[in-house]
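Just below is one structure, and these are the notes that go with it.
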Amino acid sequence: MSSCFCKEGDTPIELSREPARSMESQASDPLVKSSDPRHPANLICSLCKLFYYNNWVTGTGGGISIKHPETGHIYIAPSGVQKEQLQPEHMFVMDRASGAYIRTPQLYKPSACTPLFLSCYSQRNAGAVIHTHSQHAVMCSLIFDKEFRIANIEQIKAIPSGKKDPLRGKDLNLSFFDTLVIPIIDNTAHEEDLTDGLQEALLAYPNATAVIVRRHGIYVWGPTVDKAKVFNEAIDYLMELACKMRQLGIPPDCGIGEESKFLR
Amino acid sequence: MSSCFCKEGDTPIELSREPARSMESQASDPLVKSSDPRHPANLICSLCKLFYYNNWVTGTGGGISIKHPETGHIYIAPSGVQKEQLQPEHMFVMDRASGAYIRTPQLYKPSACTPLFLSCYSQRNAGAVIHTHSQHAVMCSLIFDKEFRIANIEQIKAIPSGKKDPLRGKDLNLSFFDTLVIPIIDNTAHEEDLTDGLQEALLAYPNATAVIVRRHGIYVWGPTVDKAKVFNEAIDYLMELACKMRQLGIPPDCGIGEESKFLR
Amino acid sequence: MSSCFCKEGDTPIELSREPARSMESQASDPLVKSSDPRHPANLICSLCKLFYYNNWVTGTGGGISIKHPETGHIYIAPSGVQKEQLQPEHMFVMDRASGAYIRTPQLYKPSACTPLFLSCYSQRNAGAVIHTHSQHAVMCSLIFDKEFRIANIEQIKAIPSGKKDPLRGKDLNLSFFDTLVIPIIDNTAHEEDLTDGLQEALLAYPNATAVIVRRHGIYVWGPTVDKAKVFNEAIDYLMELACKMRQLGIPPDCGIGEESKFLR
Amino acid sequence: MSSCFCKEGDTPIELSREPARSMESQASDPLVKSSDPRHPANLICSLCKLFYYNNWVTGTGGGISIKHPETGHIYIAPSGVQKEQLQPEHMFVMDRASGAYIRTPQLYKPSACTPLFLSCYSQRNAGAVIHTHSQHAVMCSLIFDKEFRIANIEQIKAIPSGKKDPLRGKDLNLSFFDTLVIPIIDNTAHEEDLTDGLQEALLAYPNATAVIVRRHGIYVWGPTVDKAKVFNEAIDYLMELACKMRQLGIPPDCGIGEESKFLR
């Protein structure tokens, strides 16, 4: 919706500010301070804001992690904060090799999603992992049992198939006539305890680029943050469409031309 | 939706301006004039704008009150105004101890929600109270009888349980396997007459952080304005989800794995 | 949704520009040039933008007219233009007394809604008239026969009852226990031919502040543009809620406590 | 939704930058560099951003092409990019006469929609073609068989009938009592292979200004980009309305007054 009513001088809400580091250290906080809008610390902020307005991370839900494409450092938004108000200085930064935090904001604690993000980095060589509490994911986890399945929709073509072009070696996406299958794992009391279920799903579905967590949300990853963002958008579109199809009685993976058999 | 079409120089709508106080008094109106975006007078404006675009406070519905964390003064948006156009100078300010207004805008009258806000401050030691006319709250009040109940959804974990960690004394939130219960009280002809029903619900549900008003909306409070905002977002997400579950025939508090018994 | 991705320097879409009037005449176009955001020519632009993002006036549908509170001149947006891109210089201005246009943009033609707007000005002494193609209005015109009826919802209290306070003479709004009734008239091939049906409805429903046009949209008016805006928002909220209630089987004017008899 | 929370200094996401052309060539890139917001290269960017926030082109889906009204050059957004992040320098430009690209961004490949856009230019003398993955189009392609049909809705009047005013020669739009008919063609594995189906539909439905592609989306064109935008908005509105009518059991092309026979 429009922002026509925002006046110059409108004051935005802000998270509590981090205690000021000394001037020297702040100026030399190159891990998170960058004028490049594509720096992971900046991208996490702008993506979380976008996700918030999509109803994907309201109420402090969800999260995102990006691996710096050059340094390999892993950037993670903190736990339990209002995602639309994140600032670069709120980020945790982890050294990929040692698994140790090399930057820790004083006011916050690390995201409970951290072990799940790390599983995607290590088992899938992800460049970024997105976790949302999308209502479409939750609804699909109630409609479907072990797998979310949707077939014969153009938007499926935005999702990787896990196969490679035999000639050029490039990653191939699903085709229109394919069925997108996303595993659904059961939720656990504590988000970090999801790690086992996620790792099993990663093994059982070697081509999956996402895992739905029942009554919780979805994890989506990709080789770069741009691809993870696109995969997440395409999958959310498909889950939303599946809910609408189900509402009319049409199974989301039904054959082309068989819709009228099911239509209420 | 995008604001790409807003041009520099677009003129926003504005509420009628308060008659100018004398230059001296205006410069010395420190109760509402602050450059700090987290000052209650500023936060009420930015939150009401956000709520407006969420369809929570359109048509002058709803309201919000924030207790200044340092002075203890209670800030309240006026009655019957367009919430997205609020400015700091429109605020009523009440002295907590005496219950007397220490700032009264000339053009407006106090919110009819005031006694309800005050009940939350006194019975729950709230730091802020949010009142919306969310359609999800109204729909849930039609679907449910005396209590809104939803269970086994991750987003429940954003809501306080009312219990405290026995070791550290910290407030504990609900767990994934808990059932969130929010009392529903009946509406009255005049909003101020809701006070009795609200106070009874506060006594009967000592752990509740919200009360739904049938065919009207919801009141949500928290120890700080940030927490009240997060609770309200999480509860609205859960009420929206409950409506979608009900539309498919699934009871929002049904057991995990029992969905297919109900699915239409 | 967020506009976080708008970059400075983004170029907005613009309607074709009016042929430049001579510098003198342009500087002396006080009918539409004003730095006051509440001037009718400016308000029509900002409100149409807001309405566009509410899906009320997409595809050039809908319109709005405001009577200048001081001069009594009637401002009307032109016909068939993209409402979100309106600029003050696109406005038609009519002299109330003579009914003659005193300002006519060269590129555009007057709105087909003009006779309907004028009926509201003359029969109801309106200060502004809003016409939207709201899908909630169209759906309600399919669900209901001669009248849209909804009862016992708090938001009804934002709508005038047509009665006056016997003591203070102030306009009274509906109460929570009242039923809001909005007449539904049948659509005609040409929008200007709606005038007869509208005028009859205005006579038959002397307390109505809106008329729904079947399979078309809604006209809402009020004594000031602020009130017309609030009435339109509150009525749209109620029509949206009525559609949701009907979807679950609940008649929007059913008695309090009778919902479960109807609930699917 | 509001953008009130965007702070000055927020950093937007950006697509990878094109390798810098030499300063000279960049300054002399008049095919895509223009300060005129209505230049095709600028309009494609602002329209794609608008479409993105409408959920029409998320996940890199959809596309748009505009013919420069003076040079006749055809502007096309590249394939597989995030549509909300497009910049003028990302555009492909084709010479209409020769069919040869006269501008080719180094990092991107041409849109797979190109042959479809060209069909609309040659068979319909279009000035612009819009392709979205609108969920309303996909749902209508599941509900309807060979044709999308909707009748007796005011918004239909925004769509051209294909007939001309016998006196003035002006294009006539549909009337309120007409039925809008949009052909639905079957999707193919590769978007470029849709060309045959599209061209057949263009021949079979000489008055159509749009073609729905089953389980894929919609192509809409018009004599100018403004008209194509308006047609697309009006058709999307009508498809959305048709889904809502169908949800209640009402056939979108049912006669006026027959709704109650079908209403669930």
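The first chain written gets the first letter, and so on, giving A, B, C and D; residue counts start at 1 in each chain.
In the analysis below, a residue touches a chain if its C-beta (ideal position, glycine included) is under 8 Å from a C-beta of that chain, and two chains touch if they have at least 3 such contacts.
This one's a predicted model, so the numbers in the text were calculated from it and none came from an experiment.
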Maximum centroid distance from chain B, chain identifier (CA atoms): D
Rotation angle superposing chain A onto its copy chain D by C-alpha atoms, nearest 5 degrees: 90
Geometric centre distance via CA averages, chain B-chain A, whole Å: 29
CA centroid of chain B to CA centroid of chain D, Å: 41
Per-residue multi-chain contacts in chain D, two or more chains: 1-6, 10, 12-13, 46, 49-50, 53, 84, 247
Residues on chain C engaged by chain B in the complex (per definition of touch): 1, 3, 5-6, 10, 12-13, 35, 37-38, 42-43, 45-47, 49-50, 53, 84-85, 152-155, 158, 175-177, 226, 229-231, 233-234, 236-237, 240-241, 244-245, 247-248, 250, 256, 259-260, 263
In the complex, chain D residues that touch chain A: 1-7, 10-16, 55, 58-61, 82, 133, 135, 138-139, 142-143, 145, 186-189, 191, 213-217, 243, 246-247
